[in-house]
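These are the structures in question, set out in turn.
Here come two complexes built around subunit A, the first alongside subunit B, the second alongside subunit C.
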Partner chain A sequence: MFPELNNLLNTTPDRAEQGKLTLLCDAKTDGSFLVHHFLSFYLKANCKVCFVALIQSFSHYNIVGQKLGVNLTMARERGQLVFLEGLKSAVDVFFQAQEKPHPLQFLREASAGNLKPLFEFVRDALKPVDSGAAGWTYPVLLVDDLSVLLSLGLGAVAVLDFIHYCRATLCWELKGNVVVLVHDSGDVEDEENDILLNGLSHQSHLILRAEGLATGFCRDVHGQLRILWRRPSQSTSQRDQSLTYQYKIQDRSVSFFAKGMSPAVL
Partner chain B sequence: MTLSEGARAGTRKLEMLDSLLALGGLVLLRDSVEWEGRSLLKALVKKSALCGEQVHILGCEVSEEEFREGFDSDINNRLVYHDFFRDPLNWSKTGEALPGGPLGALRAMCKRTDLGPVTIALDSLSWLLLHLPCATLCQTLHAVSYQDSCPPGDGSPVGKVHVLGLLHEELHGPGPMGALSSLAQTEVTLGGTMGQASARILCRRPQQHPTDQTQWFSILPDFSLHLQEGPSKEFQPQSDPHIPLVDPMAHLTFNLHLSKKEREARDSLTLPFQFSSEKQEALLRPRPSQATSHIFYEPDAYDDLDQEDPDDDLDI
Partner chain C sequence: MATVATCGGDAVGVGSAVATASKSNVTSFQRRGPRVSGTNDSGPRLVSITGTRPSVRNGQLLVSTGLPALDQLLGGGLAVGTVLLIEEDKYNIYSSLLFKYFLAEGIVNGHTLLVASANEDPANILQELPAPLLDNCKKEFDEDVYNHKTPESNIKMKIAWRYQLLPKMEQIRPVSSSRFGHYYDASKRIPQELIEASKWHGFFLPEKISPTLKVEPCSLTHGYIKLLQFIQNIIYEEGFDGSNPQKKQKNILRIGIQNLGSPLWGDDICCTENGDSGHNLTKFLYVLRGLLRTSLSACIITMPTHLIQNKAFIAHVTNLSDTVVGLESFIGSERETNPLYKDYHGLIHIRQIPRLNNLVCDESDVKDLGFKLKRKLFTIEWVQDNYLRQERNIYPPGFSYLLKQKDSAWGEGSLQHSTFLMSFLAKATAFASRLVRHSEPLKQTGSGRIRQAAGPRLWHDGRRQEAPGLLGIPP
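And then the complex of A and B:
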């Protein structure tokens, strides 16, 4: 996790808010550093994490996780981390006979499917075990990323329904958190992606949006991060807050600074 | 604020929510990611409950606890909550889900037996529009909203039906938005600037011109509405207050201004290529013989004057 980002979000692993949906989106840049941040953040907060990783392999997240101070292999072995490696298990849909539907069963269906098997996988992974020996704090679902599900043939409404059920079960019933990444297509007109992004934005409590700089690529400033807090739970008189920072990604950390205040130009 | 302005603001305070609930029928609350509309929906629900109406909530987007949060117990007792948040698509198959889904619940409200005034809040209409065919939804909304137009045979008055629909603008194309818009008696579009929320209210009263007004407001923690004057005039976007207006001709080293005499002289000047009648006369009038013009030539000292005519060899 990146301590500077924790400061900006005013949170630490010990006192993070529960029952929240966090939306990560990126436009014209790569926002995966946010996924690595939240993965290591929640593992350090002693949460039970279900990571639906559709983009990269387990070893990729493990290598980056080690730079951030978490060991994914050990977390998986002791049962803290349930890892669905999309790239590997997608093949299992076709070549392995399963008794119950595979989480990625929609890949086999010719017509528009739904994500009920995936939701059941997540629910079974995160529901509290009756023995209660492990003692994890609260469950967290992390998805990287949802836009690829649209590319694999699902409709935006099917993905929204999946997140709806995850919110109902994880955020409301189990008081856990959900963090998802969606790419913003930006100039390219992608109606389904826009419906997904806007629909999730309306449901989210916190939106982190990583954008490339409008002027193009820069060596010292990799992009801009917009933080939008929505739906404050305490009082509605407090308007939604929005902050913007620029950032630079280094080997083991990300440094944030106010717009125009990069150390390189001061 | 002067006393009269305060009195006017006080009466206006009641007017906005009252005007939204006056007509009956469908009230569309169009919101966006930046300016959310659920708090206005809850303010209208509270107003209806305080007026003694029966209030039904079709909750699809947020949990019942979250919706009821902020209402005190006497209002909560008047709200009938139909929970479609936990299991709207019947994935859990426990049999707890309400039969027929949200559409069934909405249709059931068409056949209500008691005829008092009722308010139905749809949270949200966007959810319904994404999951149901647009035509079916519009037909059901029409049937629910216009119940009072077909009174029962015994002549007893039918109470007004208010249907409040929360609609997220960015999620739908112009077709469905247009269809819902034409069904609605009142449309409220939420927006704002500089941290202050505004509502653009479009009312279609029968046999009258539609009215369009913008109201600045904020919603207090107990979901009562507080009308505001709007951002002060200095912050109007026409002139940017941070850039002071500078006279560009202030500190020049040359004079760009004309005195009155100079201005008159300039205005009376005829341009050289302007063909006026005086010029025409001057050209047509034969010139009096003037002395032929002279050319005075002073040869330079080092000038090489060749007496020979260079054109001698030409046979002209």
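And then the complex of A and C:
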């Protein structure tokens, strides 16, 4: 986790809010550093984490996690982390017919499927174990990322249904958190992605939007992060709070600064 | 030397429903050197594979793409286990050349090749590979390089001094066959004995599927399914993923897929505007990447993206690939006659570089890159003056004679020319802004006899001059 981002979001692993949906969004840049931040944040907060990693392999997250101070292999062994490696499981589900429904069952179907097997996988992974010996604080679901599900043939409505079910189970029933990453296609006309993004934006409590600079590539400022706090359940008369920072990604951390205050310029 | 750390033991996560217990965890995404955490894996065995080297940034194992200039732009090479997607140029001339460089590099390094194509027999593709340049051709090669070295590159820049800070593309030398990355002579064919000594598998689509076969509807186009099964078969049979107990393979599999997405593969994404309603190509890429991540292989795919109307689809494909490079050739376009590009055959766009095992990636600072194919060499250079992309009509009439002289010091593309242009533009804008502000009076100060205009103070020869203002009529 990045300490500077914790300061900006005004949270620490000890006193993070529960029952929230956080939406990570990136436009014209790579927002995966936010996923690494939240993964290490919730592991340090002693939560039970289910990570649906659809875009990269386990060792990638493991190596970056070690730089940020968490050990994913140990977390997986002691049961704190349930890791669904999308790439590896896709190979399994594609080449061999599975007896019981596989979380990525939709890859085998010709027509647009639904994400019910994936939801059942998440629910089984995060439901509280009756023995109660584990002692994890609350469950968290991380998905990296949802736009891959759209490119693999699922409709935006199916993905929104999946998130709705996850929210109902995790946020409301189990008082946990859900963090998802969606790519914003920007000026490219992608209807399904826009539906998904707008739908999630209305449901989420916190939106972190990583954007590339409008002027193009810069070596010292990698992008701009917009943070938006929302209260979806309350009336809209209360104004949402929004902040904008620019950031530079380094080897082990990300430094944030106000717009125009990059150390390279000052 | 190139090293890869492989884990002999299994990596099974307790409570993880989808970990496969039988496969050993072979992947190139291992940190070089001793592991920090104590895991239940057996100790890593250090093995070196020819033609690979670890990345300086994160220890990731890299192979050469066959073009040392492209390797430099991609941060050292192509990572093992990833996909290099080449967006083809319009007539598929230079992209097929890059494809062949990749395969030729595999032959020179002794890697196993897997060539898949729907329109050309892989045996024919291999016959047309370029010949590698080895040490005995060094003298002839040096002449070629020094001929086009411009004398201006050593002059210290006075006005456009920021350009001096940009990195120069390295001058290139032929290397011996044990080095990483080789140079190829595009005009000669690869020697037959090299092809016969190499190990390769071909997938020619018309041979693998018969048109009269009745195909039941399933999730992917039949051709894609066959190709995935073929690749997976080779990976398993030859032990590239370490799961076959008989075969202990420590070599790289180079996969080349030509013209993926074209109608010959049975896909309609290039033909119709809202094609790929079945999402064949994206599913194929996803499963392919899954296969690559768990084996010692690297893949190059050329795709005719200029035929795809659905731009959102190209964004999907880019997100599902690791490294994406786009080629744009000048043949047939109006840029062919543009003197700015007279030395180049096209532009190369590095659209995406993956961040593997790291928060950052090695992005090059230089974004405007052009390539040219001289007799033997494919070079990639920064297109100078792109910042000042000039069209003929911005020059005042009196100065265009400077451009007409071919190869003069004042010709387009030269350093003096660009500095002249910048200073000219600076003065022109200052002049224009002075004219605009000439009519704006300032607030009245002083006795009121002279009303000054809010113009820029022109500096001539070190003396400061006031802009001529509006004189108030003396009372």
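Quick notes on this structure:
Here is the rule we go by: the second predicted complex is superposed on the first by the 254 of 266 C-alpha atoms of A that agree within 3 Å, B and C clash if a C-alpha of one lies under 4 Å from a C-alpha of the other, contacts with A are read in each partner's own complex, and residues count from 1 in each chain.
Keep in mind that, in the parts below, a contact is a pair of C-beta atoms (placed from the backbone, for glycine too) under 8 Å apart; a residue touches a chain by one contact, two chains touch by 3 or more.
Just so you know, these numbers come straight off a predicted model, no measurement behind them.
Using the contact criterion defined above for the overlaid structures, shared-chain residue A:202 touches subunit B, although it does not reach subunit C.
Within the superposed three-chain arrangement, the count of touched residues of subunit A is higher for C, of the candidates subunit B and subunit C. By the touch criterion stated above, A:116 is placed in contact with subunit B alone, subunit C being left untouched.
Using the contact criterion defined above for the overlaid structures, shared-chain residue A:243 touches neither subunit B nor subunit C, since it reaches no partner.
Using the contact criterion defined above for the overlaid structures, shared-chain residue A:265 touches neither subunit B nor subunit C, since it reaches no partner.
By the touch criterion stated above, A:160 is placed in contact with subunit B alone, subunit C being left untouched. Common to the subunit B-facing and subunit C-facing surfaces of subunit A are residues 191. Residues 11, 13-18, 20, 27, 29-31, 36-37, 39-40, 58, 217-219, 228-229, 232, 278-279, 282-283, 286-287, 289-291, 293-294, 311-312, 314-317, 319-320, 355-360, 363, 365, 367 of subunit C are the ones that touch subunit A when the two sit in their complex.
Partner subunit A is touched in their complex by these residues of subunit B: 33-34, 36, 39, 61, 63, 65, 69-70, 85-89, 91, 126, 130-131, 168, 170-171, 173, 195, 197, 218-221, 223.
Here subunit A touches subunit C in the complex through residues 30, 32-33, 36, 55-60, 63-64, 66-67, 71, 73-74, 76-79, 81-92, 94-95, 102-103, 107-110, 121, 124-125, 147-148, 150-153, 183, 185, 188-191, 193, 216-217, 219, 249-252, 254, going by the rule given at the top.
The touching residues of subunit A, counted against subunit B in their complex, run 114, 116, 119, 157, 160-161, 164-165, 168, 172, 191, 194-195, 198-199, 201-203, 230-231, 233, 235-237, 239-240.
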